[in-house]
Structure formats: C-alpha cells, structure tokens
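One chain, chain A, appears in both complexes that follow, with chain B as partner in the first and chain C in the second.
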Partner chain A sequence: MVKEKEKEKGKEQKPKMIEVYIMGKEYEVPQGLTIMKAMEYAGYRFIRGSGCRAGFCGACGTIFRKKGEYKFRTALACQTTVEDGMYLTELPFVPANKAVYDMEELTPGPNSIVSLYPEIARCVSCNTCTKACPQDLQVMDFVQAALRGDIAKAAELSFDCLQCGLCAARCPADIVHYHVAQLARRLYGKYISPISEHLEERNTEINAGKFDEEMEKLTQLNSEELKKLYTERDVET
Partner chain B sequence: MEIIRGYPDYMQESIEKVEKTRPQRLKATFREMTLEEREEILNEYHPDYKPEAKREISFGPSKGQRVPHEVADLLEAHPLVNPDDVDLSHIDYDTDILIIGGGGGGTVAALWAHYSGVPVERILIATKLRHGDANSMMAQGGIQAADRPQDSPPRHYLDAIGGGHFTNKPELVKALTMDAPKIIKWHQKLGVMYDKDDQGVMMELAGGGTSRKRMHSARDYTGMEIMRTIRDEARNLGIPVLEFSPAVELLMDDEGKVAGAVLFNMETNQYYIVRAKATILATGGFGRLHVQGFATTNHYGATADGLVMAYHVGANLIDLDSVQYHPTGAAYPEQIVGLLVTEKVRGLGAQPVNKDGELFVYPLEPRDVEAANLIRECYKRDNGVVTPTGMRGVWLDSPMIDELKGEGTIKKNLAAMVRMFDRFGIDMTADPLLVFPTLHYQNGGVEINERTETSVQGLFAGGEVEGGVHGKNRLMGNSLLDYNVFGRRAGIYVAEYIKKVSIGNLSLNHVRNYEEALLNAGVKTVRKAPILLPDYRGKEVLSRALDIF
Partner chain C sequence: MKIPYYPGCTLKTTAKNFEDTTLAISNVLGIELIELPRWNCCGTVYSLASDDLMHQLAPIRNLIRVQEMGYNNVTTLCSMCYNTLEQANQLVKGDPEKLEKMNSFMDQEEDYTGEVTVVHYLTLLQKEIGFENLPVKVPLTGLTVVPYYGCLLLRPEEISIDNPEKPTIMAELLTVLGADVADHPYKLECCGSYHTVNYKDVVCEKTYNILNSARKRGAEAVVLSCPLCEFNLDVRQKDLKKELAPMPILYFSQLLALSLGLDDSLEFDQHYVNPEPLLKEKGLLR
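The block that comes next holds the complex of A and B.
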C-alpha cells in the first residue's frame, strides 16, 4: 500500500520552495509543511519542542513574525503551516509557578482560586493572553471569571487549554493562566459538577461481589463457548 | 488547482454526491459482519495479516514469536549502553520505586504507590520528554466503564474479549472490566470533568464493538483532561519527576532481579544510575516505528524503548504480532495526514461513505474490521478519493451528526476535531472529512499477570507497553482504561513488594549476555536500541552531515 502511494507520489511535481528564518537563520523548505516539519526538513532534530505532534500537548508553542509585518504572533508548530518569509522560534520551556494544594481541603467558594493565585488580581485586562492563545480561547475572560469566583465559567471557558504557556509568556501581569484554569476545572469537576449516582451504585455492587460469580464463570469458558455468548449478545442502539 | 472550502476543486463532485445521499442515509444503517465475515476480510485486507510484514524473533525468551520487522529490528540490535562505559559503584538516585515513563500509566502508578503508603521521596519517575508527553494525552473519544444499570462488567468483559478475537488473557480482562467503575469514581474525586447531564448521569456513547453505551468522555479531549488532572495531583504531592531523562537500560542485581536503570540526560549526555527495589515500565507503545510505513497518531516518543529494555533482561513478550490501525486517520490535508479522527465522530452518528456517497460498512465494527473495510473500499473496489499527494481515503460524513443530534452537537462534543480541521480551512460541520487507517496502538507488549508482574522479578509493567489485556485487537476506550487499571495495580502491588525485597550488587551482565545471544543467533547488524526518538531530518541535510561535534 505504501509502495503504491510512493509510486503515485513519484508522478507529482517537485514542491515549491520557500524561505524561512529559524532563529534568524535562513533555510529553504518545501511549501505546505507545518512549522515543525519544516524545521525538521531544515535539519533540526527535536528533543524539546515536539510532543504529541497533533495539537494536544502544548510542547511546541512558537513565536513568529511574518514578512513585512510588525505583529508578534503565536502558534503551535505542529498545527500551523509555514509561510514564506516567516521569522520564528519555538519556546522550549516556560517557567511558571504552580500553587500546591490538597483538593480534599479546598472548598469551592468565591475566593478559592484567588487565595491560591492572588496575582490574578493584577490583570490589567489588556487581552494579550487571549490574542496569544493558539486554541483561540477567551483566556482573559476565564481569568476574570476566576477572579470573580465564577469557577464554573472559568472551567468551561478554559476546557480546551493545552497548557502550552504562550499566554503566561506574554502576560504583563505575570499571571500563569493555565495553572489557574487547571485549579478551576478540578474544583468544578470535584465539587460543582453533580456526583454520578449510577456510578456510586455500580461501585457498591462491585464491592458487594454482585458480579463475582458471573465473572468467574466467564473466565473459565473456552473460546467456542465465549464465541456463542458473544454472537448471541444483544446490542444497544 | 483551486481550493474550495479547504478541498481541491476536483473533490467537489464527490462531496456533492455525499450530500445527495445524506438524507436517505440518516435513516439507514449497514449490517454488522458475522464472525466469519470478519475473519475473511481481516485475512485479506488488514495490514496485520500480511505474512511478509513480520518475522520470527531469532533468540531469547520469546524466540519464534512473529513480530513486525520494525520491532524485530530493535530486538535484534546492540544494546545502546556499553557496560564498560558505566560506573555502577556511584549511585545517583537510590529509591524504592523507579517508574520509567511519565505518561498516564506511570503517573497513576506513582499516585497509587503513594496512596498505598510509599513516601513520595521513595518514588522516582524518569521520562523521555515532559511529564505528560504521551499517547495518554492524545486519546480523544473516551474511556469505557460499565456503570449504567443496563450494563455490567461481565458484559464489558465479553465485548473486550470478542473484540480481541478471544485471545486476551482472561484474568487481565477481568481486572480491566471489574476495576473500571472504580477508576471513573477515582477520577471524579480528583476533579476530572466528565460529560454529565445536570443530574450527574454520565453521557455515554457506543464505540466500535461495544454492545452497550459505556464510553465516558470529556468532550473530545478525554485523554488530555485525565492526564492533566492526574499530573496536577502528582505535582501537588511532590512526586519527583526527571524529564528528558529516559531509561536506556535496566539494571539487575546479582540475584537476577531488576534493580533500577541507567538513565540518559538527553540534554547534557550524562548518565545517571538509579538503584530501585522495584521498577515499573510505563514507556508506552511503538507508533513512531511507522510499522509497514504507516503514518501514526502517536506522540513523538513512542519508540518501543520498554519492549527493548524488557527483552534485554529476559522478559516474555506477547501478542506483538498485532498492531492496531485506527480506521480513521486524516487522509487530507497533507499537514495532518495520519492524525487521529476520533472514533467518537462515528459514535455520534457519522458514517464512512465512498466517493459515490455510498455507505459500505457498519460504522462501529471493532477497529481492525472497520479498518480492513476501509482499505478494501479504497484499494480493491477503487471507491476511494485520491488526494493531491496520491493518498486514498473515504469520506467520514461528519455533518450528519448535527442533523441527527441537533445543531451545535459537533462544536460542543468535538471541539478538538473542529479546531484541527478549521486550521486548514475545512469546516467539518458543513463538509465531510477524508480518512484512511493510521497506525494507532501496540496491542501486545511485555507479558504481565493481574498483579502487573512480568516474567522477571522486580519488573512490573502498566499501560500500552504491556500485553495480554487486549489480545489481537483493542476496543476503543479500553486504552485509557488499561493505563489506569494496570497503572493503579502496579502502584498497589509494588508498594507491597518493596517491603520484603532487598537489592544485591548492581550488574549489567545481562547486556553482555545479550550481545552474546545476538552473536550466537547469527545477527550481524550495526543497529542499536532503544532508539529513543525517530529521526525526521531532511534527507539532503543528512547526506551532508558530519559527526565531528
């Protein structure tokens, strides 16, 4: 299959090459690659700066400028197509303070976040964090929600956060938005979201041994007997 | 070539056909395959069933087992560390429990070892990339647990073992399915934000091969939500983590027990000696070996290090002939080829359809069967859509979801997917996605029992690195569950084990023996393993590289 693919590939024309500036040095790379793959094409072998390579881990926060533009831009290297004339670098690491807490000791109240992260009160509403977010989240809004003690809102707005740290790197008030949001989500998930009763019930049943006998029997069956049971089982639609 | 709504102009005709058949398909479904039909299509079209893609391991405890060439190449390779280069008399870290791998399995093991009474300073996690850089972070669709009244752990057992072609180890499937509701309860206590209604009822969906809806999700960031929560918990407790310091070889003592590892700081090239009473392998899988040249959904570090190190100390391997190809990887655009399009898209109602807009398979077959059907449609029946780079794919009709479940369902439940395609100009709420199977999961691995013990004393394993749980095919939602169940068990049982064990003199004689075994088996190679990271540097650069610095 792969060979066929390569055969078909051989028919295509050579890709157009573009120029990019990786940490200020010029390289020629094929058009249409992600920033990450363009850096690899140019000869970089990542140790830092490459994680899931699919937009889920935040390892490849990147800062760049485009040709002829004053704007300072941010992106994930694995999820952004490289452009001609880009000046770019990846951020290998973002130093950030994380509050230490015991979830069992916390209570979800108006001050539970601000007491652990008092610096959120320093927010000047400049919205730079929001502009920096490669996930396009309303970062300033979730920090403001956390400041107001609206845990549910902070959790909801921050849910898709990858913790790449670009917001914290840009914030003039030194806030670490993604750690603040992590606390909000845990408070929400633990204390505000309703407890699942059917889950409690099932755990009680398992602890009481309700399924032990049936399970024991299943583990003793040979594969023919299992196949029969499997084929005959009803499927919920 | 003009691009229209993210797709090349020539694909428009096919997209229109998909739109045309959609109203009638909204009411239609496709018959599930019988066990015989499944077997037949797998034999003919699943990449795993090609005999030429594998070979027998030529020596060691799993000699004769057939594994993909890419795995055999790593087992039949020289160990990375030369024992003469390493000073075992200087111990850098002396600990009770060494956990190799800082993904889901390793983090859960650390937490449960601590809950079981081991002080945090007697635990050490060593990991290759950052804490949390793992496939655990990338799982989207969900985690299985039989916790609804109409469902039960025995039913989950039957689904899992049937999906695995009745080859799974029964005691492991029992552990997996019986522990599952405990895991979800634990997550809830930690604050994982599962999708629930306002009464607290979990919103559960079906997955391929499940007979009940038992897929718990956190939007389509389920893996990330669990991983970042347990990582936050580990950080609060102060569990020590060494990042960018993978294990490159296990250590043994003179009684033949595993007794720690040699770590390698990838940024300074320094090695560290860790002496530990017990070692837990949680190194994940092998997607980055690109078995049979397939693109992969896996993270950068998924290079089978754990398999290699375990084999060096003589641990048994199991089911490594079986590789999971996820039916739906992105086939277009080129930038994201091979990345995961979560099974939840089908769980919510989207159907795979061919270039003419025809439904050709039951959308929720077990993964291997679904993948084989997609491959047949593209390559045997020639009903796929060919991309500008020559890849073939079929449509996954995502816009159906909003029509079936109401406007806004896609945006709410598949935010990550919407975002990923939107970045490249494709709106999955309006247009279908082009997909093709992609290398996703290592079904087998280092053999364990229900106490997570491997065949070598002192060595335990949890998560994708171990094998036996899924047999020859894993169902969706059982991998997040696997690392939680067996990570937890590893933590608990290792906490017991270390109370009664003492470590003798450290040794790397097993590495010398391995070299001898290579020689005796007639393996002549310059390969070294583990490889730690794939190398994606451009060919032109490599052709002019000098090794002088």
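The block that comes next holds the complex of A and C.
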C-alpha cells in the first residue's frame, strides 16, 4: 500500500540516498550523482579541478576506493557515479615535471624524447599507469614506444589522452606519461605525419587574399541577412 | 616455420641493420618471424637481487605476450634481450612462489604459466634449419673472421646457447658460409658493456685488447650478435688511445645475408668502421 502511494506521488518521490565518505567524513548523497556532483551536494565548491564536466578536459582526476575493496581506483570525477560506501577525494592538480623545449629546434629521432624526459628509462613495465588511465589507454605501451624512439606509435596510442595526470600520480618511477605523450604527438604532427597538400594550397589562397572580398561582404550584412544566407547555404548530403 | 619474434628497442633504431638482415634471411629460409603485437623493454639488465621482483616484471610480461599469441616459444636477436628474458624465465620456472607473486601483481594479464622457451636466433638456425642446409650462394672465400661472443649469450651457464667456456656455434656458422675462422682468446671477454656511458676509458681499453688480439690472429673482421658489443667494439674505435688499424665489426646476420645473395639490406652506413672496402676487396660485394 505504502509503495503504491509513493508511486502515485510520482515526481515528489525522494531519490534514494547513499552514504559516501569524502576525505574520510561521512555524507548522505542522492544515488546517481557523479563524484563531482556528490561532493558539491555535500557542500564542496570547486574553483579548480573542474572544467568541462563532460569528460573531455581532464581537469577532475580523482582517486577513490569502493566498499570492501583494497584497490585504489582512479577516474574523472565528472564521469563516475557514486556508489554506496565509496571513499572519495578529488585530485585538483598533479605537480608534474614538464620539459621546456622549442619545437623548431627539435629533430625527430630515436633519442628526441628520452633526452628531454630521461626518466622514461626508469620504466619497469609494471603497468600501474595503464590501470590508472580513465581513458583506458595503453599508457605503458606508449611510454615504451617513446623509450625506443617510436614516435609515431607513441602518438597514435596516446591520441585520446586528456592530460589528467593520474598516470604520473601513480607511477612508481616518477614518469610523466602525459607530457611525454604530448611531446610525441607534437613531434609526430610537426615532423612525421604527411603534409596535407590541400591545406597548404588553401593557406596559400587565404594569404593571397582570395577570400578577402567575400569576407568583407559578410561582415557588412545584418543578422537577418546572415540567417538567410545560413539557411540557404549548400549542404553536402 | 612460424615463431614469435621479440625485437627489443635497439633493433628498431641503432641496430636496424641487424633486424633488417635477419628479416631478409628468414624470408629466404622460410622462417616466418611474427613480431609480438605488444612488447616492452626486456628489462635491459637482468636484476641479480633475488627479491627484486619489480625488475623482473618487464621480461615476464613479454613472455605473457607470447603466451597470449598462443605460442610457447619466442626468438630474439639481441644478446642482452636474450639473456634478460631467459634468465627471468629460469627464475620464475624454478621458483613458483615468486611467479605467483608476480602474477598476482600483474592482475590485468593472464597468468604466466612458465611454459615459454626463449630461443636465440642462432640456436634457431642451428637446430631448426641446420647450418649445413643454408643455401649459400656467395661463399665468403678468402675472408678471415673471428667470432666474438661476449658474455650474454653464454653466461650464466643455465642460459648458455653453447658450451660457455668453448663456444663454437658462430664459428660453425661462419665456416659453413665459407669464411676462414680464426680463434682468439678474447672471444669471451666482456666488452665493458654499459660502462661505455660513464667510463669510456674502461671500454676503450677492452676494445683495444679484444680487437688487437683478433688482429694478431689474422682477423679482418669481427662477427657478433650484440648491439651493445657492436657499439663498443665499433664506435669506440674512434676514442682509442693506442693506434689500431680500423677493424670492421659485423653482425652474423649481415655476413649470412651477404652469403645468401641478399646484399640489398646490409645497411653498412650504421657502422663507424665501414666494412665495404674490405668486402669489395675480397670480391664479395659489387
């Protein structure tokens, strides 16, 4: 009877509450919230360690533990829902070492990454970084590729990296995987990947002023005219 | 035959000539080398501390990758990779407790069962193909060489690819290829290994002794199987304090490729002492 009455109330039904521990203190939060929202519900306000809230920016790396488990788990706080009995904290920043370099002066070779990040040679292939990655990347494999100078492979394997830094925070060898991978992608993009000919051509056209007149016309239009142009544009189907 | 192939870091960079010649040879001999789709550094140096399991993870993880491919053997070229992989393999085969500890640490992989055999490529040639069956097209007639084994193929005894005190495997191979093989007392001497980074002088002295001994016994080139030995014996020749006529250093695979008529992939430009003039003088190279 009681249950049916609750059903009738529909929207007024209160969400199920669960217990979580935020930095060791117990809180009741509604089930279904993300870790980030649960912490906000409990009264925390993020002025750092939070960004896009959509799993793309990598600002909200977090470390937590589930009820009854010994393992530390890592995730993005905006992408992971809370569970009853979770132990939570947020990790607002990873103070990782970042090499300073001038891309114009680098050359892509077997030692170009290891010379800027010599600590990658300390990798013992324990795979802790891979386990920590909220993007499920093969982190150890791209560090290993960087170590042996396979820049293309390191760039490819790390393509979806969000730079959250959880790998570096967990690494027993103090490697900064995400910065290493960024260097690999920069080297790959600048020196190794094939040059896009149509882009080069288009850049030449732009620099030669081919589109200046058209652009000038557009800037003179009012918003109604712009809307009309937009709705009537050619669309590839 | 098909066999998983573990390249190791150096074979992809500074010893690319070692890999490329071996791939060319294998192609001719019908050995299909299947490079491990995922592999990491072998561990570089086998850790002698008996409780230092963290440094055994790298080699054992590579053996798990072989297991994942559905094979129970793997071949490798670099002497150091061979040594590290096989020593770690022997360690866990003989110590189930250590293996269990490492398996429970590597909890995202399947357990290593200890059933993979690491086979050096020289052993593969000797046992699976047979040196006498090699289709030699260009015999290395008139070329006097000495084999240089160094440490890592032969020590410790448990992982040795041959008699650790009196190895003959490379001499047998080179004899079949038609070369004159000289013996020399420094064939097992350590090249100084990674001291080359911080103690260049130590390596230079070793290099001088090894090459001088080879030269005195009539050697015109030294043949080996280790990229680090190659670097020390070859590149360190420019830093020698005593005078020594340049001695070409070659991988066994380069001479084998040459004698099988595969002279497109020799990549002599990766050497400091260019072996080309010698090989041309002997009429072995166009």
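Here, the second predicted complex is superposed on the first by the 196 of 237 C-alpha atoms of A that agree within 3 Å, B and C clash if a C-alpha of one lies under 4 Å from a C-alpha of the other, contacts with A are read in each partner's own complex, and residues count from 1 in each chain.
We adopt the following convention: contacts are C-beta pairs under 8 Å (C-beta built on N, C-alpha and C of every residue); 3 or more make two chains touch, one makes a residue touch a chain.
Keep in mind that this is a model prediction, so the values were computed, not measured.
**Student:** Identify the partner contact of A:Met103: answer first if only chain B is touched, second if only chain C is, both if each is, neither if none is.
**Tutor:** first
**Student:** Which partner does A:Thr62 contact after superposing on A: first (chain B), second (chain C), both, neither?
**Tutor:** Neither partner.
**Student:** Please work out whether A:Thr74 is in contact with chain B alone, chain C alone, both, or neither, and reply first, second, both or neither.
**Tutor:** Neither partner.
**Student:** After superposition on the shared chain, which partner residues are touched by A:Asp150: those of chain B (first), chain C (second), both, or neither?
**Tutor:** After superposing on A, A:Asp150 lies in contact with chain C but is clear of chain B.
**Student:** Would you pull the chain A residues touching chain B in the complex into a rising list?
**Tutor:** Within the complex, chain A contacts chain B at residues 1-5, 7-9, 11-12, 32-34, 37, 40-48, 50-57, 59, 79-81, 98, 100-103, 135-136, 155, 159-160, 162-163, 182, 185-191, 193-203, 206, 211, 214-215, 218-219, 223, 226-227, 229-231, 233-236.
**Student:** Touching residues of chain B toward chain A in the complex: what are they?
**Tutor:** 32, 34-35, 47, 129-130, 132-133, 135, 137-138, 145-150, 152-155, 157-159, 161-162, 166, 170-171, 173-174, 177-178, 181-182, 184-185, 188-194, 196, 198-202, 206, 211-213, 218-219, 221, 223-225, 228-229, 232-233, 235-236, 238, 244, 266-267, 292-294, 297, 299-300, 334-336, 339-340, 375, 379, 386, 388-391, 415-416, 419-420, 423-424, 533, 535-538, 541-542, 545
**Student:** Spell out the part of chain A that touches chain C in their complex, as residue ranges.
**Tutor:** 110, 123-127, 130-131, 138, 140-141, 144, 147-150, 172
**Student:** Please output the residues of chain C touching chain A within their complex, sorted ascending.
**Tutor:** 9, 12-14, 38-41, 43, 54-55, 57-58, 61, 105-106, 108-109
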